[in-house]
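For reference, chains read A, B, C, D, E, F, G and H in written order, and residue numbers begin at 1 within each chain.
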């Protein structure tokens, strides 16, 4: 909040009390009425606000994208539909959409650093994996994808050991029993972010089985995000990856 | 029920209708009032009734053990306490008790055939594993124990591959996320009976996490029994093992 | 993994280290990028990989079917839709589809051995039952179907006792309270694989009631697979049936 | 509430308005401060209020027993402990306690009419069964007990068919998967009151499995009460039994 | 099963053993292959088998209706769709359909006896109530409907007290918190069959809140059937009503 | 119930007993057959009955709206669809519909008093918030809206502290983890009504996560209504607001 | 936070920037190391911090009581044990303990204003009710207790209508199905705070049934707090009661 | 596994095939029979195996501690009891025990680097926090503790902003609704590891409410471990902290 600096300015008369008050309260988000865009977030967290498109009313969507793009020079939306893409494209023609990851973004050219491994148990987990991978890439991380290495045929996973060893952080994505996270984590020394997916049926209860499995992992080093939350995992992985590369 | 044979006997006058009726209804269990010992079970299933000791009132316990021992020449009780052992020993002095498996039994000398592998994820799963192993042994199976080979250090499991390859059937016992069953089953061609255990804490919810994990196994060939049900798994493993050995 | 044999070949100079390494790592699955077809599975488990069609993207589906068919000479897909059938048929014209079991397969002529009984509580359980039955048949088992013998009219079940007595293994499929498994298992001496189905409403909670009922069966010998998992039950039943016939 | 009769009395001047008001409001329960004994219940429901002893503070217990005994000439308490028995006995020396059913009662001599069958799946269900049976007997029903006839050995149940056929109503009590209710109900034409018990372990989840099984019974005619609620079942069974005997 | 009579016939030579065997096994259900129509049910339970139409494949539906109609002279189907009605009407032109109760039936003229009250908490519970009411009527009971008397305005319920007092049995149907059953049951002396409905939203969890509420009713005399199971409640109510009228 | 006054009238002969009885029973609701409009509610609770439109059959809808409008001069419906609006408009042309709040109403001009704050965590919670706000306004409260102030950027919330300080009562609406209620409640001294919403995915389980979070709030003063129940919260907030303004 | 005033002081030179900063950050809680006593809470919320004694380590307990007592002149602890009472008494000899409500307090003489009704369904709910009542009294409210008026005998509740009508707010406390809240709320025009209790057994699941019932109440005006949370309900009731009395 | 190097050695004749095989399989864990100590773990993960003491049989405990201590020169046990401490002390006299964190350890002197913040919502969360903190310290991290900064008095948390800003990673520990993680994470740019605790009652369901809250956090950057899993959080925090310090 850098309270001290503003206090100094007031004391030195650089700014009037009225200005000071407005400054503290107004400079930190843009009030669109229906939404309060958190422009301060980039300063706090190192990344601009991201748009969770699912269920966002059409009336608000383009305004939110535009507000962030204007401030940050780029913008990332998750869980967008084809229809939402068409809508936003009218205002931001260069916006890009990937129907697999359902990511809608306008991205500045940037170097990708470090090494994030994103792996999945099966091919049906790929949409969640792509959401994670593209998020981390958008935020500046290099990403290695290792898909369909579920534990039912463990030689597939073991044959990729070398790739896992190069990672700063691993995102392990699986549905059904979610055992991938435990096995991968047992093989490496870096943090593993586990993403349970809703892939499965019957007693998978929409991803609950994988979620519980990952939370109860017998391997040290696994932490878990919400079911199908590829975005969240990609976000955390990028944070850790960059810290590892830059020594914070 | 061999209805036809009794019908023939009636028709031929070998037995009277009254005798026939009684024969059908009375010969199949012993009515102790508080319990109906199912002596027909050995004929139907190949194994005598087993005593589930947990919560059995003292008044009934010895009577049930004695009734089965008299008919079958041996008797197996599960989930017995030290106190129950002391009680039954007064009447059946040669009864044997194992405080780890909590099995209370009087067993005839018998040859152990075939090969049942009982493996666990950790050392805390051993009581359930011993219940499974001793049950299968009591019923005539040879049992190989492979303990503490959880997936957090998968090289321990892989180093025992040869032992797994010799099994007719495998009992895989694990708590926490229960991933052991999936990994083991992916390595072999025989049926895997999975036993979730209540080992764990927090979101393991008394074994629910392991149970759901095993039910959703991505490996073909896993079927599951109740949480901590070592007895049930040993019983089924013995059935399959004997069929494999004897060609049914 | 037959590590020893390859080691011997290296030591004797039969193969170069480079060849050896590739051999170990490459001969075991085919990497299609989006999928890693586990060709080693047939060697490990006795059966080729099976395609779980549900939710598989169109782009990948035909490739996966073709890869398996080329290697194994036959291929089995489960939970296929009519639309997926039309798609794969373009490339594999002789592929066959059953809208009840939703199985999509190309099958080699083969002898069916042994005896697997597949029974259901009601007529609504038949789709799951057919998935189980066709799976076991595809893998070489003879299957006897006994449908609509739920416990509400137990004479129907008892009248089929003779058929049950011929089985090497029984698949018991039921929704609602799932009591069929307990009653059937109490009548026979072979393993019973129980399949809870999502048939029911209200407090059946999508099959949860049947699942819990079967897991808590008071009959020895019942093991359980996931809700509606006919394929898994058919797979296990075939394994046990063949072991019983061939003495492993 | 017989509002009309009191209105007539007011109109005819038989009672004053003040009296009328008090009459309506005061004659229907006794206010002990900590409890309001519902003396009107016997008129409304045909049975006096019953004391649920579990967790009742010592200070209140004897007062409640005495209040009911004084009004009704008899009193029934459920879920009483040995210690509570000792306590109440000081004031009501002839009170009787059964440690199996945990029923504490003082009962008038009375004829038992009709026929209520109370059956259980196992011997561990007997405490709940005795609570049901003694409740129905206290309220004037004749009770037939059929214990340990679980579906794992269905011949035991079938051999008692004749006894079941004599019942006006059946109370079916079982833990584990609770299949007893469905099978019994399929054999008879009278209502079946199902009582799930907490007997079981693991995925029985304290009786939830049996509860769900009974609610989803495929047999017409099963209705269910709370887990271990022997009292409730005995109460309903008595109601139905008496209606059947007396034509209401 | 009337085993004795057939045994006598065999003994007396009235029938040959072969005939006897067939008689016992064949006379009790009709095997349509996909279904085993339980014609014995009417003898056992007093009512013919009822068709649960939901999810029944078109191929089987008409066959099942016809088989029952031919044997019983009438037929009742529940949870039928408009489309199923059109289908069955082709073969049974006089079949009648009610889109509110979703009951599809052909009914013989019959006297309605006794008194069953069917009441609901709200207007949205009416479809379930009509299923209950029409079922009881089909089976010969007179039914009184009291709708929209939920406890939020308890004077509506109290004003109908006289109607409740005439009932032999009450079916209380409510969603949300399901308190109707407790309040009604506290007012009467006859059994109350409670039906939780899926009416509600959010934490009603599809009727779970009402189900738990009814199972935990503080009023004696409430027993519960599955969520939305109007049919089951009507069936039981008819049984009890007829017993009350006829003295069994 | 004002029983005394009617009693006095009877005693004084002002009204006949027959009239008295009818008076007591009839004057309090209007029986439309399918519904019993609770006209007494306004007297009891201060507000006329409100129509929960969701799932209400077309046949009943207009009748219910008309009955309330005729008696109260205004009418409020919640969870109405566009289609229901079109239907009711045919009979009540001046009825007004808001597609965001889904409220359908005819409202008398009235002064809005006091101060109710309705705040949300995100923009997706706005439909629930509008239902709450419009309900409170309809009932006569002044409402201040503060949207999109979720705890992920807590400065947005803190910057509105002054607005919160003016409230008599606060409605805090949030999905996901529902932390908004705790944080807001910790800042103020007035009651906070928390509304969990179904906004979220995966382990939000349709609002369960937010519901549990709000029920377990570490801040004193939070009470909770059902998931997405904006109406209920608005109703309570209005009650409290008016009490605060008027001193009851 | 009164940011403006402090800013003015800085600008006018009344306080130095260093002082300002400390002032903002330090004046608001006392840091005991293991705890941060929130002395600002009384200013924010109108009530001092309350001590939740359950599980509080002995080492911290007395320190926390003393810190609050010194600042506020009185102190309230909830869920205290007899043992904790003995401990704190050593330092604060005049502290008072009630073993029913488990409240441990030192209270200043104060006038009790307004009218809070606390009612319960049964006698077993009294401990929770006393926690609510004593909390509201401690905070200055007059409390009327109406115990044991559960809906199974609804005349008891109706006979107290007059007392309910005098309340500014009602706390309705019940276990089992929790129907009390709905019925009471339907009778009055003031807010009802519902407290589910863990009284019950079996499918009450520790109060879950009552909790869901109350959340799904069909009566407008019910809001809910956590299971057994008498303190929270008393706290809110006091807030509302005082607002009603004082017009905020 | 460094397969290539061993292959080269074999090819060059440096080691015999027999030696090679043994080398691969034997060098990686110590088989104690009841346990397989994973000595390879330090190489793989950077940390030696840690002993989860809870429920470990006395017979095994000392052996496991000794085996690890001998190999690693230090050893860490979690969830140890006082009694287990006494037991192990007999063999390892210098072992140290902390009854708050329940950690039992023998630790080498080592430098603590970086900055891990461990914060809690309340004082009852301290035992879990100490488990996390001591684990991270044992593994070489510097730890800053910030306890009792729950969101009910958010100024306490905000006043510590500076300390949070210095962290490389934050462990946020809270029970009840678990909102601490969301609020903290919204203020910083480093990863937050959230630990739900079982602190709470009623609808906290043993920590489930906090777990779900944290999984559904609206703040980017939160990942979650099992309920009460302080150890797991400390382990991951140390991994991330060291990566940040050393640039991996």
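We take it that a residue touches a chain if its C-beta (ideal position, glycine included) is under 8 Å from a C-beta of that chain, and two chains touch if they have at least 3 such contacts.
This is a predicted model, so every value here is computed, not measured.
**Q** According to the touch definition, list the chains common to the neighbour sets of subunit A and subunit F.
**A** G, H
**Q** On the document's contact criterion, could you list the chains that touch subunit E and likewise touch subunit G?
**A** Chains touching both subunit E and subunit G: D, F.
**Q** Where are there more C-beta contacts: B-H or A-G?
**A** Answer by contact count: B-H.
**Q** Could you tell me which of E-F, E-G or C-D has an interface matching A-F, in the sense that over half of the contact pairs are shared by residue number?
**A** Checked against A-F: the matching pair is E-F.
**Q** Please compute the C-alpha centroid of subunit B, do the same for subunit D, then give the distance between them in whole Å.
**A** Going by mean C-alpha positions, subunit B sits 38 Å from subunit D.
**Q** If you average the Cα atoms of subunit D and of subunit E to get two centres, how far apart are those centres in Å?
**A** 25
**Q** Taking the mean of the C-alpha atoms as each chain's centre, how many Å separate subunit C from subunit H?
**A** 41
**Q** Show the residues in subunit D shared as contacts by 2 or more other chains, in ascending order.
**A** 1, 44, 152-153, 186-187, 202-204, 208, 211, 215-216, 220, 226
**Q** When you check every pair of chains, which ones turn out to touch?
**A** Every touching chain pair, ordered by label, is A-B, A-C, A-F, A-G, A-H, B-C, B-D, B-E, B-H, C-D, C-E, C-H, D-E, D-F, D-G, E-F, E-G, F-G, F-H, G-H.
**Q** Looking at the complex, which residues from subunit E come into contact with subunit F?
**A** Residues 123-124, 126, 147-149, 152-153, 155-156, 159, 199, 201-204.
**Q** Spell out the part of subunit H that touches subunit F in their complex, as residue ranges.
**A** Interface residues on subunit H, with respect to subunit F: 121-122, 150-154, 175-179, 182-183, 185-187, 200, 202-205, 208-210, 212-220.
**Q** Touching subunit E in the complex: which residues of subunit B?
**A** These residues of subunit B touch subunit E: 3-4, 7-8, 10-11, 13, 17, 20-21, 24.
**Q** Could you please specify the touching residues of subunit A with respect to subunit H in the complex?
**A** That would be residues 1, 44-47, 50, 158, 161, 168, 186-191, 193, 211, 215-216, 220-226, 232-233, 235-236, 239-240, 243-248 of subunit A.
**Q** Show me the residue ranges of subunit F that touch subunit E in the complex, using the header's touch definition.
**A** 1, 24-25, 28-29, 33-36, 38, 40-41, 44, 54-57, 60, 196, 198, 206-208, 211, 226-229
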